[in-house]
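Some structures to go through are shown next.
Below are two complexes that have chain A in common, paired first with chain B and then with chain C.
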Partner chain A sequence: MTVSNAIRRPAPSASGSDAKGLPKGRQADRSRASRWRNMVWVLPAVLLLCVFCYLPLVQNLGFSLLKWDIYSGRQTFIGADNYLKMFNDPIFWKSLLNNTLYAGISIVFQVFGALVLAALVEGLPSPRWRGALRAIYFVPSAISLTVAGLLFYFIYEPRMGILNAALETLGLGNFAQAWLGQENTAIFGIIAMSQWQGFGYCTLLFAVALQRIPSELFEAASIDGVGPVRRFFFISLPLVREMSSLMMIVTVSGAFQVFNEVMVMTTGGPNNSSQVLGTWLYRSGFVRNDFGYAAAIATAVFVITLVLAVLQLRLAKRRRVEW
Partner chain B sequence: MVTRTSVLMILGRVFVQAFLVALAIVVIYPLLWMLLNGVKSNSELFANPFALPETWRWENYVTAWNRGVGDYLTTSVLVTVASTAATVLISAWAAYGLTRVKIPFNRTILILILAGLMLAPTVALIPLVKMFQALGLYNSFWALLILYTAFRVPFTTFLIRAYMLDLPLEVDEAAAVDGASKARAFWQVILPMCRPIIISTILLNVLFTWNEYLFAMIFTSGGTLQTLPVGLTNLMAKHGTDYPVVFAGMAIAAVPVIVLFFAGQRYFIRGLADGVGK
Partner chain C sequence: MRKSTHILTALLAGTALALTGCAGGSEPVAQLDLQKEPEYSGTLSILTKFGGDPLEPYFEDLAEEYTKLHPDVSFELIQETDQSIKDKTKTLTASQALPDIYFTWAGNWANNFIDGGLAADLTPVIAPGTDWGSTFGESSLKAFERDGKFFAVPLYNNGKFMGYNQKVFKELGLNPPSTFEELISSCSVLKDAGYEPIAFGNKDGWPGLHYLQQLFAYEVPTEELEADFDPKTAKLENQGYIRAMEQFTELINECTGSGKDSNGVLYTTAQQALATGTAGMYYQEVLEFDTTASEGSQLKNDGLGIFKLPASAAAKGDTKAIEGSPEGYLINPKSENAALAVDFMKFATSKENATKLSSPPYGQPSAVKGVVSEHNSTGPVVEGIKQVNDASEAIIWLDSVTVPDVADAWLAGGEALVAGTQSPQQVLDAVRSASSAAK
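Moving on to the complex of A and B:
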């Protein structure tokens, strides 16, 4: 290493804390001063976060109490009116419901589905196939939600899309429809895209968790005549339980922050049927010019994600499983 | 009896393998369809969605490039390189300060930085718009650079810090005995030792920045500089009837990150696996 052949001199303590040979009091002084000097290491991160993450968070609470037109710039204090308006806004509730649907369906496919899938992939005898499948499944997670969203917009498109064409080829032409153009199917079309995009990410993480289980456990069980299905339920499942809980929270938290794919695929339409909190916030603030109301929706998102984050932290602390 | 269970086992295995391969096809086929549609003509697109193109119109890619995708790509590369470099550097400094240097309020600062992990960008959106307008940075490269860095520092610091905690303290002591300052020890000893996790964080940040949409859309929408995700939606809005060109643009946006993923798979997996415990 470079330092070992660097200038060798009887360390006159550039770092300060190891200032030997000084009277006790001065040594403490110097070390206190040097500790404060050491703050330069963390200062850029702390400043960035305080100014661009925490300050806006606090400001948002203040903004949510204002009636505020962006163009005229006029601001009036209206107390909790924005929150009252929110509780009486059917589109807010529709959005919240859609986010909840998003979360529920994602738990089924991206947590449970991905766990089973990871167990199936890891059960394959050939390491080359295991690696290839994990990688292939992950590819949609590497591309942007914008590309994935546009791609599925075209897949659902009635005239050129492959979904309706595939249904017709299979003799299920009756089911062909304008998936994103109808109020009752739009949000499900978006959620389906999201499962396609995200399941590989979860599968990969579960595969890593499963690999960390000592193989002797599985071998011992097989010798005792325990079949693959029971091995999954009695060994894999309990030992990746912590990982599953974490994935569930990450997934649900993500589901309440959805924005990109809805914007690209339907912008919340038709008739606000696929609106989610993120897009309704955007529309309220930037299209309908009601910044105060948008800030109130942002507070709702904040409360939801905060609760989930606290849960996640508590789980992460308990996570260290020893074997 | 034995043969019956083993037949069942073999059937089960075949079924599982068929399912896994079918799923791989469901993943790959839409992406292939996208690439193929990028070289078709508009009428071919509508005639039979499954057919191969009669002539491969690679000129669609040139058209897409000239209709703005080239500029979007340049912006994306610039923003990605700048914000990834800034994020990783600032995070590595912070991780070093938190693990290997004595600082006051160590614990508080750690919590302050890591709590940023919980913050959803949407929550800060409205005040950030006001702030960047006031700073005169709205619709600028700087807005994206600052925002991406600020919102990615917590996660990146988390990963690098965890790695640094595992490096033995004797390394620092040896460097101090050799007379190296803290700064020198960071640049010449600790940072090189963190190489694997640094590569992971670079890759994860590249992926994030390249694909980010919310900030890119709001903070550069009226300006001339747009990243690929926002640019693609513009391409769609402006030339929406020339679909093959849109597909070509999508392919141009998607292919670099797919290649990057396959090239750095090991590091991606490490970063993702370490990161989920956040």
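Moving on to the complex of A and C:
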């Protein structure tokens, strides 16, 4: 076994000096100096992170404690009033519910659904078909959310949209409706578009994770007579845990930060039925001129995503698989 | 541990407040001398609402012409659309980066800038009776009056009318209705003939608000209506609001092709339905007339006629009032080029440029007196502006006349009325509650 120079450490001597005969104090000075020198290398990145990430976070917290009139520039400290208002605001809770729905449905389709699809694609014998299907499923993810939102707006359009036309053609005209124009269907229309857009990306990532599983495991299971479904549940599923955890974090965080598609497709309407936290934050600030309240919503979004990410990371750590 | 957590929290909160610079305020602005001869040099920044076709070239051409006259003056044009300008203006306001000249609606929208010290007092140069002020219609100037002072340069007038296809009306033996009840009856005639009676798209919410505001003006006495716009004096108790909302839902159900589905339809789709001859009517602003009946469209051939949304025979408000208000431009009092900005706006509202603005393809009826005529504007634009001038009262748009929280409650309520998920009483209760919270 060889040890590289970079990690070789001199053995301490019994007399309290190192191999070169330096006393312990000077040795500590050197290592401290070396630590500081290393810090210089990471300092620019830390500074950038502080200025562009943590400083706005702290500033936002400050704004959430203010009543801020953007016209006069007057800022008045009002303590936790914005947070109290938030707890009593039915649209905030409606938005939170919509985000939670978004997250739940996304986990089903973009994590579990994508994993099943990836396993099916990777199980195909023909490498040509595997490549082609991966590309086909990935294409929607290459389209920007704004463009996809507009595209689906026209698909859902009650009178000219192809969805209602297709339903009519199939004799299901009774189901045709204004998908984005009704309070009980608008948010589901947006979520469905989002699944279409994000599904392929998740499938691709799962395909990569599945490819990393040693093929011997599948071969051994096949020789023992294990069928494809059991192979999926007992080999594929446990061995892509890490990727599924990552996908859960990305999907859930994304679901609480959703904005573009809602703005393009419904702007949160009708009657605020498709508001999500991001759009309600935006509307509170830029339409209702209540920037302090908007900052309080932003803090809530931050806390929710932070807690969810920490929880999921902890879970993922416990479930780490190595082979 | 707990003690250190408390200290950390206190430190964080303190830092957060220190970083936000709590209790700031606008600095007092030095008195501007807008009458002095400007220095013809520097860059003028302008935020316009003329983004996109066909309006975008108007300010571009103006800037080019002005630069020809004054070569040391350059321009930074920020051109936004009707929807995007709201966000852009607020972002620029919050970041204290308003341009030298910027667009405004009348009502609460303009008052916010005036009260916040973000609009220069133009009284010495534009008040009625001054050289420049005398070129404008007085009602246009008064739309931006606050405490006896005048703050904006009105660029064009506007009003809301029902546009109809003249050929279709003639074929079906219909005349422009004079009461709301007649309007509903004419819808069934159009429907039976295979036309969509009134094209309506409420995806953005405000098209519904425009109907509601005109109907409120008809059903609620003016004094009470105006008091209700301000949360400090609002009572919102008049039954006229309920009647107006009932009329609105009747119109949606009886006259529009999309009915309860209208919240999923864009207003431009509705505009197209009239332009292509599939719809008989479409409720629109004067500013839209030349776009709806553009050159080569079916409507241009068939003829665009207009009439004021008719009031119910039993209406208890002002049936001669019309919804609409001029739109104008404010000058940033902190601008180093304020005098130059005034000079540029005088250039923009010269007879020649005002005529150009009122003519196709722009079709924006200038607020300058005597400019809109058969010689340079289309028939419907001339007729519309005549009716606006003859109206007893100009009622400002519902989404800009009142405070944003109340306007937002009306907007959500309008969408709920269209979808049929709330009754007029429920909508009024929600608006009342928003208004009392905004006091």
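As a working rule, the second predicted complex is superposed on the first by the 265 of 323 C-alpha atoms of A that agree within 3 Å, B and C clash if a C-alpha of one lies under 4 Å from a C-alpha of the other, contacts with A are read in each partner's own complex, and residues count from 1 in each chain.
FYI, contacts are C-beta pairs under 8 Å (C-beta built on N, C-alpha and C of every residue); 3 or more make two chains touch, one makes a residue touch a chain.
All figures in this text were calculated on a predicted structure; none of them were measured in a lab.
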Q) A:Leu145 contacts which: chain B (first), chain C (second), both, neither? A) first
Q.
Touch test for A:Tyr137: chain B only (first), chain C only (second), both, or neither?
A. first
Q: Figure out whether A:Leu180 sits in contact with chain B (first) or chain C (second), or with both, or with neither.
A: second
Q) First (chain B), second (chain C), both or neither: which does A:Met160 touch? A) both
Q.
Applying the document's definition of touch, where does A:Ile223 land relative to chain B and chain C: first, second, both, or neither?
A. neither
Q: Have a look and say if chain B or chain C is in touch with more residues of chain A.
A: B
Q.
With both complexes superposed on chain A, which partner does A:Phe291 reach: first (chain B), second (chain C), both or neither?
A. both
Q | Touching partner for A:Leu55 - first (chain B), second (chain C), both, neither | A | both
Q.
Let me test your reading of the model: by the given contact rule, A:Phe63 touches which partner, first (chain B), second (chain C), both or neither?
A. both
(Q) Per the contact definition in the header, classify A:Leu170: touching chain B only (first), chain C only (second), both, or neither. (A) neither
Q: Could you give the residue numbers on chain A that contact chain B in one complex and chain C in the other?
A: 55, 59-60, 63, 159-160, 285-286, 291
Q: Mind listing the chain A positions that touch chain B in their complex?
A: 1-4, 6-9, 11-12, 14-15, 17-18, 31, 34-36, 38-42, 44-46, 48-53, 55-57, 59-60, 63, 117, 120-121, 123-124, 133, 135-140, 142-147, 150-152, 154-155, 159-162, 165, 196, 200-201, 204-205, 208-209, 228, 243, 246-247, 250, 253, 256-257, 259-260, 263-264, 277-278, 281-282, 285-286, 291, 294-295, 298-299, 301-302, 305-306, 309, 312, 316, 319
Q | Residues of chain B touching chain A in the complex | A | 12, 16-17, 19-20, 23-24, 26-28, 30-31, 33-34, 37, 45-46, 48-50, 90-91, 93-94, 96-98, 101-104, 109, 112-113, 116-128, 130-131, 146-147, 149-151, 153-154, 157, 174-182, 184-185, 188-189, 192, 207, 210-211, 213-214, 217-218, 228-230, 232-233, 236, 243, 246-247, 250, 253-254, 257-258, 260-262, 265, 269, 272-273, 276-278
Q. Considering the complex alone, what residue numbers of chain C touch chain A?
A. 12-13, 15-26, 86-87, 90-91, 93-94, 96, 112-113, 115-118, 202-205, 257-258, 260-265, 269, 404-405, 408, 412-413, 415-416, 418-419, 421-422
Q. For chain A, which residues count as touching chain C in their complex?
A. 55, 58-63, 65-66, 69-77, 156-160, 177-183, 266-267, 269-272, 283, 285-291
